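The same subunit A turns up in both complexes below, where it pairs with subunit B and then with subunit C.
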Partner chain A sequence: MNALSRFFARLEGPQTIGRGPVFWVGFLIVLAGACSYPMFSDGYTVGNTVYFFTWVFMALGLSLIWGYGGSLSFGQTAFFGIAGYSYGVLTLNFGAAYGFTLVAVVIALVIAALAALLLGYFLFFGRISGVFLGIVTLSVTLVLERFMAQTAGPEWAIGKARLNGFNGMSNMPPLTIPWPGGDIILYPDVQLYYVVLGLLVLVYLGLRILVNSSFGNVLVAIRENPERAEMLGYDIRKYQLGAFVIGAVLAGLSGVLYTSWGQYITPSSMGMTAAALPIVWVAVGGRSDLTATLIGTLVVLSGFQALTIHGAQYALVVMGFLLVLTVLLAPRGIILAAAGLLGRFGKSKQGGA
Partner chain B sequence: MALLQTRALNKRFGGLHVTNNVDLSLEAGEVHCLIGPNGAGKSTLFRLVLGEHSPSSGQILFAGEDITALKSFQRIRRGMSVKFQVPGIFKALSVRQNLETAMQHHYPAASLHEEIDRLLEFLKLSGESRQLAGNLSHGQKQWLEIGMAISLKPKLLLLDEPTAGMSPEETHMTGEMVRRLNADGMTVLAVEHDMAFVRQVADKVTVLHLGQVFAQGSIDQIVADERVAAIYLGQAHG
Partner chain C sequence: MDAITVAFAALYQFGDAFAFLVLSACGLAVIFGMMGVINLAHGEFIMCGAYVTVSGANAGLPLPLAILLGALVSAAVGALVERLVVRHLYERPLDTIVATWGLSLIATQGTLIVLGSTMGGIGTPLGSFQIGGYSYSVYRLVLFVMAIAVLAGLYVLFNWTRFGVMARATIQVPHMAAALGVDTRMVYSLTFALGAGLAGLTGGLYAPTMTLVPTMGTTFIMEAFVTVVVGGADVFLGTAPAAVILAIVKSAMTSWQGQLFGQIGLLLAVIVVIRVLPKGISGFLLRERT
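Coming up: the complex of A and B.
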């Protein structure tokens, strides 16, 4: 009982902004707003909103790896792609009957986790850090993109699933929940919206508990001073690897949701642009805080989308400009700086009991 | 039995022989100070003991166990702890969180914060518990790191110039802390330049010179040794 209440007490702590009744009432109001949103909109628009949500998992994962752990990784999109392609290959081969798409999600996430475990093992147990970690993870991502882009020929197929090179895979079944009286097929519509929203709330709260736990303490300590953390008796390589794998699974979740949402995935989802954008979302919002990352990602994504409608390439330039501006003016992130200005939130973050 | 022992320890960086055949022995319960002019190899010896460098040859024994091949964190878990020369603290975290990170696996969750409060009092940092560690004065940062180091309840505490940059009063207070810790049974190995501090705390002094053990004895013996005065104390005392 006591242990359980301590567990939930971790929802608040020095590693996350927002505490006390005011914050949580605000949280519930926002959540209620998000829940009632489909009632004031049409299915098509709601389905498009899901698109924004799918990316947030990857951003939260990057916040954990980079913002909390201090390891800048460009590898998130690699795991996004690995999980997305895995979902495609599995479901194109085995279909959607008997709830198999849900099994495929789990398998795809396990594959992403194993890939992260392998790559992360060499990175962290090889004591690669700082800019070199960025270079290696970016290289891996780009190699994966190049590889998938050259799989156009018919020899590149796994079972019934053709990889299709640059054009990518398509027509995999969407997520399907087995239900008495007819499966529920989650097309980009209201039902998928609620499923993804539910996942988002779970992941967000789960990560809050994680970063305020003893694991989170060590992770932040490694960011601040890895030598000191090791000299407190922590095998910092394991903590870094742990964060890397959790972050990769979240990126994988984004990949799976994206693939089932649009029923396609292409190599460019792992390209240079795709690898750089999560860095922008997370840095602009405030990488060292989950809430700032969540809000920042949604704001930047919506802004990006609005700009894209007016001219695709110049939206990317604005993203780059936004990143430079953030680094110069609000290095901790715009949302985090704004929260700091709100004073109360800032104090609760720094005052950490 | 010796708590810490180095046997014929050597460390070369290229052609530079920084640690030359060092045999050092620390009895449990003693405060042992390592002195020597700049470039004598004090810091390297320290890093060898900590496992940040691995020796070119030789052995390191801790509590009878050969730890030469162990990684730093494994040595820490066997009962060593260290305070670095430049305060190694977590600047963006509160003072309390610094200690919590150090202590979270050494104390039951229910009494953790009481223990932190006790330690804060010992460190004279009770009023700063919510302050960011980066905002502390230099002396307070040093104490905070000493606090993190001793919170692990180590058998052996390694101090690398613990009084560097401290005022004479702060140095004296630090000396008092070391003596109280030693009275509670902690063995201490300190690299130190401040002779007043060495006189205040040391049971035994080892002088390193050119990577070798040059002289060993009580502080009075060392001060009386003319050869030592020639290489080190003469310089230090002008």
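Coming up: the complex of A and C.
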């Protein structure tokens, strides 16, 4: 029991809103609802919900880099693409037998992490910050997209996997879990739903522990005032690089899950529009809190999809307006602003996070 | 193929790349140098200038006038955007990036919805000339001259005019300039409009050479970003020398491996340069001076 309460204590802290029994009972109710949800729904809708969930990892990573660390990175979709393409190349070459898809996931995430480490080294150890960080990461993303888009010819192949230029790669095997008595193939359906939901809960709780640890506190100190954090003796470059790499791995996880979910990936998933969307999700919900990011991402994504049914072109215009209005009217994000208002009216002071 | 032909071909490539970098970047650099703000809708101002220019030319205006019209319309749109959005965000440069990106999404998609996926272009004027078996476009030379002219014009504007004095005072110590009676908000508005107008001019100048699509802005912004990052905050000590260096890199890589590798070369050059000179070339030069 003591160990359990200590575990809960590490999940709470000054860097996250929501604490105490009320919040965690609410969390369990939502989780129970999410677990039982496939029983009330059909396979297609569940598969669609998985699609929403796959993006949340990237958003949580951006929340860590931008909301907590204060470094605005547009490079999330680059790592999304790197990991997605890596997964595609590996599984198209080696197939899905013996649980290789899971190995491919790990290798793809390591590749994304190494790419982030390399880029992040030049950026943070070159002391690039503020607006320059944003535009350099955006340039990297755009060049990567253009590079992948021109790989149409047959000479652009890695082993058996053709990169196929602008049309992208397809037909890679979905995630497969080796199981006695027949492998479990995770098509976008109920089984994949539970796997992704489990991952999501793990990542969410893990990040809560991370941001409330000393690492997270230093990260927030850097966001508030980099010079002060440095004077206090922290090597801010290492902390920023650490957050950047963790965020990139989460973006990579999104990329891998997305690739195996739809069994395709195209260069446009790294393009200008694709790179803008994570910024919208994170900014609208409230970038400086994990819970607000999580809820905001799911709400904006489902809203976006609902709008897309009526006209994809208009949906992007709405996203643009949403972003501009959020920045102008509720710079901390709509959910955090609402939580702040509630906190001011209610007797609890939870809104101060 | 003799030496002169090769030299001219290389020089022409260099001039082409230089003009593209300077013209792409100058509007962005003027705004960044003044306010420390990066306008991510820069590409959309270029697109706006190009569309207006082509519409003007199709309506019967002579091309130079149409280009001028494109620049003026972009400047007007820029002033409007500054008034409605950017003005409220000067204290928060990161939020300006985010907000202008929202504007860029709106502009790209709005253009797509209203004007369709492409617009009939106008051919490249002025024909071509031949040196040593290769033919070169005269218009590309005009673009090179225009890039030099824009730099010269900005130099005159910032150093010899009353606006330039006020602008430089505002860059150095904004509150001091305000205390001495400079309307700094007005200076900011005018500078933003100037940056947007330069973007529109770029769009107008390049409109005859490319297809008009709503996403054409992205063709320019990578080069613009890279030049501004390498150059730093000063247009003359930063953007111009950065464009010279990057144009050498780009034209060499392009003639060696093609367009895309020109861009990859640019990107690698930038990542190395920022590791060595975090404040860009102008930061380096200005530090040496003091």
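Some observations on this one:
Here is the rule we use: the second predicted complex is superposed on the first by the 335 of 353 C-alpha atoms of A that agree within 3 Å, B and C clash if a C-alpha of one lies under 4 Å from a C-alpha of the other, contacts with A are read in each partner's own complex, and residues count from 1 in each chain.
Note that a residue touches a chain if its C-beta (ideal position, glycine included) is under 8 Å from a C-beta of that chain, and two chains touch if they have at least 3 such contacts.
Keep in mind the model is a prediction, meaning the values are calculated, not measured.
In the superposition on chain A, contact is made by A:V327 with subunit C only, not with subunit B. Residue by residue along subunit A, subunit B and subunit C are tallied for touches, and C comes out ahead.
By the touch criterion defined above, A:L294 lies against neither subunit B nor subunit C after alignment on the C-alpha atoms of chain A.
Look at A:A243: by the touch rule set out above, it reaches neither subunit B nor subunit C. Using the contact criterion defined above for the overlaid structures, shared-chain residue A:L138 touches subunit C, although it does not reach subunit B. When the two complexes are superposed on chain A, none of the residues of subunit A touches both subunit B and subunit C. Contact residues on subunit B toward subunit A in their complex (touch as defined above): 50, 52, 71-73, 76-77, 81-82, 84, 88-94, 96-97, 100-102, 104-105, 109-110, 130, 132, 145, 148, 152.
On subunit C, the positions that touch subunit A within their shared complex are 32, 36-38, 40, 85, 88-89, 92-99, 101-106, 108-110, 112-113, 215, 218, 221-222, 225-226, 228-229, 260, 263-264, 267, 270-272, 274-276, 278.
Against subunit B, the residues of subunit A that register as touching in their complex are 2, 6, 14, 214, 217-218, 220-221, 224-225, 227-236, 350-353. Taken together, the subunit A residues at the contact with subunit C in this complex read 70, 72, 119, 122-123, 125-128, 130-132, 134-136, 138-140, 142-143, 146-147, 150, 272-273, 276, 279-280, 283, 313-314, 316-317, 319-324, 327-328, 331.
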